[in-house]
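Both complexes below contain chain A, partnered by chain B and then by chain C.
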Partner chain A sequence: MGGKTEPANGESNQTPMVAQVSMKPDLFNFSLKTLKLKVKQQELLIRVGILCLVYVLAFIIRLFSVLRYESMIHEFDPYFNYRTTVFLTEKGFYEFWNWFDSESWYPLGRIIGGTLYPGLMVTAALIYWVLRFLRFAVHIREVCVLTAPFFASNTTLVAYFFGKEIWGSGAGLVASALIAICPGYISRSVAGSYDNEGVAIFALLLTFYLFVKAVKTGSLAWALASAFAYFYMVSAWGGYVFIINLIPLYVMVLLITGRNSMRLYVAYNCMYILGMLLAMQIRFVGFQHVQSGEHMAAMFMFFLMQVVYFLDWVKHMLNDSKLFQAFLRITVTCAVGVGALALGVGMASGYISPWTGRFYSLLDPTYAKDHIPIIASVSEHQPTAWSSFMFDYHILLFLFPAGLYFCFKRLLDATIFIVMYGLTSMYFAGVMVRLILVATPAVCLISAIAVSATIRNLTSLIRTKNKAVHTGSSKGSTSAKASSKASLDQSMPFQRNGAIALLLGAFYLLSRYAIHCTWVTSEAYSSPSIVLSARGAHGGRVIFDDYREAYFWLQQNTPPDAKVMSWWDYGYQITAMGNRTVIVDNNTWNNTHIATVGRAMSSYEDEAYEIMRSLDVDYVLVVFGGVTGYSSDDINKFLWMVRIGGGVFPVIKEPDYLVNGEYRVDKGAAPKMLNCLMYKLSYYRFGELTTEYGKPPGLANSLSSFLEEDVWDVPANIFNCLVPASDAIAGVCPRDTLANIMYCFRYDRARGVEIGNKDVKLEHLEEAYTTTNWIVRIYKVKPPSLSALEPLVSNKTFAEADETASSYAKRLIVGPSIIGLMSGNRAAQ
Partner chain B sequence: MQDSNKPYETKVIVGGGEKVQQWSVYLIAVVVYMAIVGSFPFNSFLSGVLSCVGTAVLAICLRIQVNKENKEFKDLPPERAFADFVLCNLVLHLVIMNFLG
Partner chain C sequence: MDPLLHLLKIVPYSFLRVPRTRLKLPSFSLPSAMTVYALVLLTYFMVVSGFVYDVIVEPPGIGSTQDRVTGAVRPVVFLPGRVNGQYIIEGLSSGFMFVLGGIGIVFMDLALDRNRAKSVKVSFASAGISSVVIAYVMSMLFLRIKIPAYLS
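Here is the complex of A and B:
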């Protein structure tokens, strides 16, 4: 932590040390003096040491989930990336580039080679091959899990160089330290989060750094390097559109403020042409750089630059101002006319496509909700709340405006760039939660400027007493300030104490930031989402591994060509772990197909059966959180299924599922809701759990009759499990505790209500598998001939319910919501 | 080494303006050809256009960097500028060849 204050006064650190060496013990005398290093070398050693520590810190802070659970891939999208990486390492690059996958989006298939961003997969595969070449026998999964932390460490290095470019090496060091632990970045780059953003932020910052360096030096080599970094960014993430719009905007601002220079011309032109050419090699991007509306700003800027510099050259050539004025007028009108004509023709004929929905909703946040429900349904696309900003940035929130102030005080080409990057990215971060990630590097850099400048000023105040030995300072302004402050010293005698107090305050703030970041990473951003955990009744951690249990059941117990229908969230995981064909998955490229699945889930069972037969569905998978209180289950997502289905098939109307505009699943729910396929599949056999604990079946439904009794006989083995031993008398149980326990059956914990339709009967599907905690439920679609015989088959379900219910009782002792029930509070219905 | 490089450099610098005109002519020819024959395959058309534009722009950049009147570039040795130019052209043409299809 003290390292943060060191670099600001690194250059002149040694002379006070020399003065004090006689006072310090001999140990200190031994360390630096005997190494006989010059001042510059000592400073370099400190800087390299700090950078190494920050590099390691950025890596290890992202390892919480690997240490707590295991080394596995998190969430949904990373499973697709993992599957494609495995394919790449097994089959080679040519097969990968031309891959057509028939295991997803049945019966359409998906051209994977042409519809993905290959940067991440190729990077991981390269690392894997290099490690294999060096004879490290790693599994590709380990490489995938640790790719994001590795690139986060690299980002801190780039941030150091960028900060050095903008302000100074002190700011660079602070920036690298801030970005190493900033939660906004950690959220998408923990170990296991094998997603495009992990690599893309590194590429983004690298591109910006190289471009700023190119503008500063005017060298073609730096511009070429930035073009390559841009190519890497394009191959990694769709957010490259931000770069290709920010850089022309920056060039425009420089032109307007009169900072146009030859270096800018060289840098931008080289980067644009080469970058565009390289970017078009990615199949997914294709010709968008010349055909899509989102990329037109860059092309417009290119032509504008040619015109402006041409005019400049002509003005330089003719030294006659009147002739030049005439020429200027003609050229400008011609250029504007031709440009407007070309743009108009392009847009009107549809050749230049307008902004796509995903990016248009950034400019107009209300657009997606009205027109494209799929985009509006993703939770990451919602506008950001203030709490998210505070959660992800902490003190950087108020250091950001302070840094802007310092940037404006010293305006160079580089600081103009970082100001623009910061402001535009903060606007977009306010529109969509996911884009906090893009704003994080800018916020860290600008905050670093504030920290570095403040600390530099404060330490120069403190050292005015040592003005005589203040020799080695390379910044002339510091010594000038020191001398001016020395003269002020007489009028404000407590300046030095005030400066020390402020330094301690800054130190305290930065340490609180570090504590906050570590806590946030540990609590909020390290959960794998595929493995759930909760605290049991006795405080121990309980793991729910139901997802993987269900997927491996699918892999082992279904025919290899079975087709699974589920909501699109789970598609990637089913294909990657269950290795079965799915109907829709997270790529969401075909809205009609998803709407078909949504329609099937929201129809009555007969209509849904017709749709499922038409899609050759063999198994249906739903996620149900009513038993464990897991709130991201399909019933909570159900309204989005209705909206998306209703967007394409008008027969599905959202008001049919609501009661007075309210979404309910209890007795008062809408009849269509109580009988739709999703409801039936989620609550099938849920109401039968009550009949297994020695109570007559009829009484289970009426709480009042057993509340009349004072005590109940409960079988001892079950009773000892359910009630803490301390307040139990063997065999007997207080009335209210048992009433609570009985009430919890049929009580949907995720919604907090008792369900409406308890007696669910299925005629076209049968239950294939339900996981231990009932989180994932798999149903088999019956072939047409058997479903007619269903009413004749006796209720075999009670025998099976016996087994699942007793295992359920064992789970109940550590079920997460039992704590609330044990203490006697009953949730309102 | 300086002397053997010099005549070539001077030729590029002096002939820079004419070269740019030449490439503009090529560019117009490519566009006219596309208008006649149709733009399929589009990638070949784009690579033709962009190679003309790219080499013209790079030549202009080189001229700017080597021109003694530009004070911004006074500490950039001409050999370095020429080397950068060659490198960028190399990359440009490699990508064009890949893109031609």
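Here is the complex of A and C:
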């Protein structure tokens, strides 16, 4: 700064005053000038700023459930991942890789080291060890809960670079912003959802980005990088099959459209061979890349590329076209013949296995419904309705076809890839709801192309308007030019305003998208399924923590070697939180074992007891939603138990449990339904449900919602006993009191009916624990010596039958809190 | 291998002559990009209308409910209660709205093409804008009917 003034001083004596005066404005100008960046630097600053904001946004929008409840693992599958991660951090990688677990699938056990995808656990463990190394004393649970949002933020960065490759940096920025809040992705990567998909989508997009980069540049380094990204994807999720089929399809399309080049050759060969060799390092995948039918497309493409390039090389060497034609014919027939022969021998000898059921049902969606009930029973595997698409994508559904149009207008290698990814993934998303997740990056990228192209058009409309006015006013030379400019000038004002209005409209649509995404995340996708919540009568939130209560009870009050039988949904949670051995769990690898449990649940108590004795079962756990109106309980899943059990043991027949094809649990239900083990365990003691809060006169106000109910078929003698004369007057409508009583008198809220079999007696089991809101019920299996003495020992069931209805009713004091709770629940439903 | 080849050369090919066939592999030319795009739009319409859902779950075309007071049977267009469920007609109409919105944006882009007459450009632009507006409003309406608690 001083140097500037020196020449002024040294130059002449005339200007010392001027120099002094000019020093201050010089300083002022200088500081402004240093701050003023060049246009390119400004653009870089804006871009980096946007990316940082999007990174933070992607992380914090996924934190709703951590803020509302606590930092805990959600759902079912993440508990298994959590348990294995804890094992990994405690015992080390060698123990983890060779782990045989005898606490699940009793008595078979499970080779965990060889039947899981280790990517997620190893990633979380690495983050944990890095943080520990930096002396942050975090618990592994916090790392597990926040792994998915962290990787979602990283996915936005990869989306930016991918968008930049395909279309331009503007499209990249829009893509990263769209994918940060897209509900299709948030649904599986919310904080607490510690599942493979959280990491796998990052790996998927990274693999695709690196492969497209390799095809664009033809560089070996990028191809190697994509092979390693593919290895990470294989280690993370079984959905890697999508990559290994999409990339050969893409190569095929490029060959067909005549875009083959050395770059494609280098990229595909390197990625396939190295990726295949790396993928074989995962024990669960093993030799599937050479043995399984699902991976054969990639191998076929590999050999086809060699043939194509061989022919190309021969054509280049031979300058004679006729000879080349003959050679071409011979080679093609030979290649096709040898290939068909190899494939035929492979499939006939059984070396190459056909497509497994899970993936075959994607090609033929009707397959699972008829043949594999376990796959068909999972609610995530149902086909997608339009509302699921709208819920998860909102305006991206409009932008997707528009983006496809822009891609088709400018067909390059990269845009062909994103079009293929978008179309194939949208088809699979239509087949199975769960796969909306895989389609989300493609939809976001293509929509970003539409947004970027449209906004570019609109802003160019606004800008050229300015330029034309300027040149028109400054030059004004020849009359022709002036007239053309003048004619343009006439339409311009209308166009310019229209373009500004459309730009505002585009911003309005994008802001509505952001509002929608936030609402969906907050309401629909942030619930840890292990903790249920409902709105009480006065709008306050009520939380049911029954699951954890039951698992904690199991951990504290049962012997350490106790075996628990439940439906497979709860297996992972019982092993992770209750720390007890289970019979079947969510891995569902052994259909016969699950069918045995299903048979036990749907048989009469005696047969079920035999099965339970043979499996050494000590406790049985059922989930029951009749008191709270929780609809995902075991009675609603019961038909699947029947179907799966009946699939292996023909003695269980589904029509036995239905009445005229209808599934009922009320008086008109099938007799086998009313006496099977699941029914008994769910409704045991349900008829005597009593609560203690409040008094009858105060109930009329909160019972208005019950006037709609139709449960009026009370036998006359009970009715007369139940309604004491004093209560029936004084403004309290008898109907209210009746509803009140009927309500707690074995009215199943989840099914909406009064149950059929009122007095449930259990012979071989006894109730061990029922949670506060009756959601989880645990029963102890009695050892064989006591059950023979049961009828002589306990008389409670006979004594109950002697009570008169009036004394029964006097024990029924229904509290306003439960009623209010339930009417609030009904409104929420 | 060699004696075999010599044998092959002599045995069949000495008395057999390969006929000169005039068969040609049918040559196919690739369709234009916009033809493919039209097909893609059609498949997109089918997928997004829940076509696979219709084929597998086989819902009725339109639902019905009985009026409690009069006993008349009233049609129900939108399947209530679940997000992932639909009747056939509601799926098709929603899918049509989505495709309409997409086509609207395409029309808006076509309106900026310099090689067309001004009136054509103006009509493209107005058709595009109205399509997008109608598609968005209708889709929001459908969503609100389907999910009553939307945005509350």
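Here is the rule we go by: the second predicted complex is superposed on the first by the 679 of 829 C-alpha atoms of A that agree within 3 Å, B and C clash if a C-alpha of one lies under 4 Å from a C-alpha of the other, contacts with A are read in each partner's own complex, and residues count from 1 in each chain.
Rule of thumb we're sticking to: a contact is a pair of C-beta atoms (placed from the backbone, for glycine too) under 8 Å apart; a residue touches a chain by one contact, two chains touch by 3 or more.
No experiment lies behind these values; they were computed from the predicted model shown.
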item: First, second, both or neither for A:Ser387, with chain B first and chain C second; value: second
item: Partner chain in contact with A:Pro365 - chain B first, chain C second, else both or neither; value: second
item: Contacts of A:Gln325 with chain B and chain C, given as first, second, both or neither; value: neither
item: First (chain B), second (chain C), both or neither touched by A:Val433; value: second
item: If touched residues of chain A are counted for chain B and for chain C, the larger one; value: C
item: Partner chain in contact with A:Phe287 - chain B first, chain C second, else both or neither; value: first
item: Touching partner for A:Asn98 - first (chain B), second (chain C), both, neither; value: neither
item: Partner chain in contact with A:Gly218 - chain B first, chain C second, else both or neither; value: first
item: Overlap of the chain B and chain C footprints on chain A, listed as residue numbers; value: none
item: Touching residues on chain C, where the partner in the complex is chain A; value: 30, 33-34, 36-37, 40-41, 43-44, 47-53, 55-57, 83-86, 90-91, 94-95, 98-99, 101-106, 108-109, 112, 118, 125, 129, 132, 135-136, 139, 142-143, 146-147, 149-151
item: Chain A contact footprint on chain B (complex, rising order); value: 42-43, 46-47, 50, 53-54, 57-58, 60-62, 64-65, 70, 72-73, 76, 80-81, 84-85, 87-88, 91-92, 95-96, 98-99
item: Interface residues, chain A side, partner chain C - complex; value: 256-257, 365-366, 369, 379, 382-391, 395, 397-402, 404-406, 408-409, 411, 419, 423, 426-427, 429-431, 433, 450, 453-454, 457, 461, 491, 498, 502, 509, 515-516, 519, 523-524
item: For the chain A and chain B complex, residues of the former touching the latter; value: 218-221, 223-224, 227, 261-263, 265-266, 269-270, 273-274, 276-278, 280-281, 287, 290
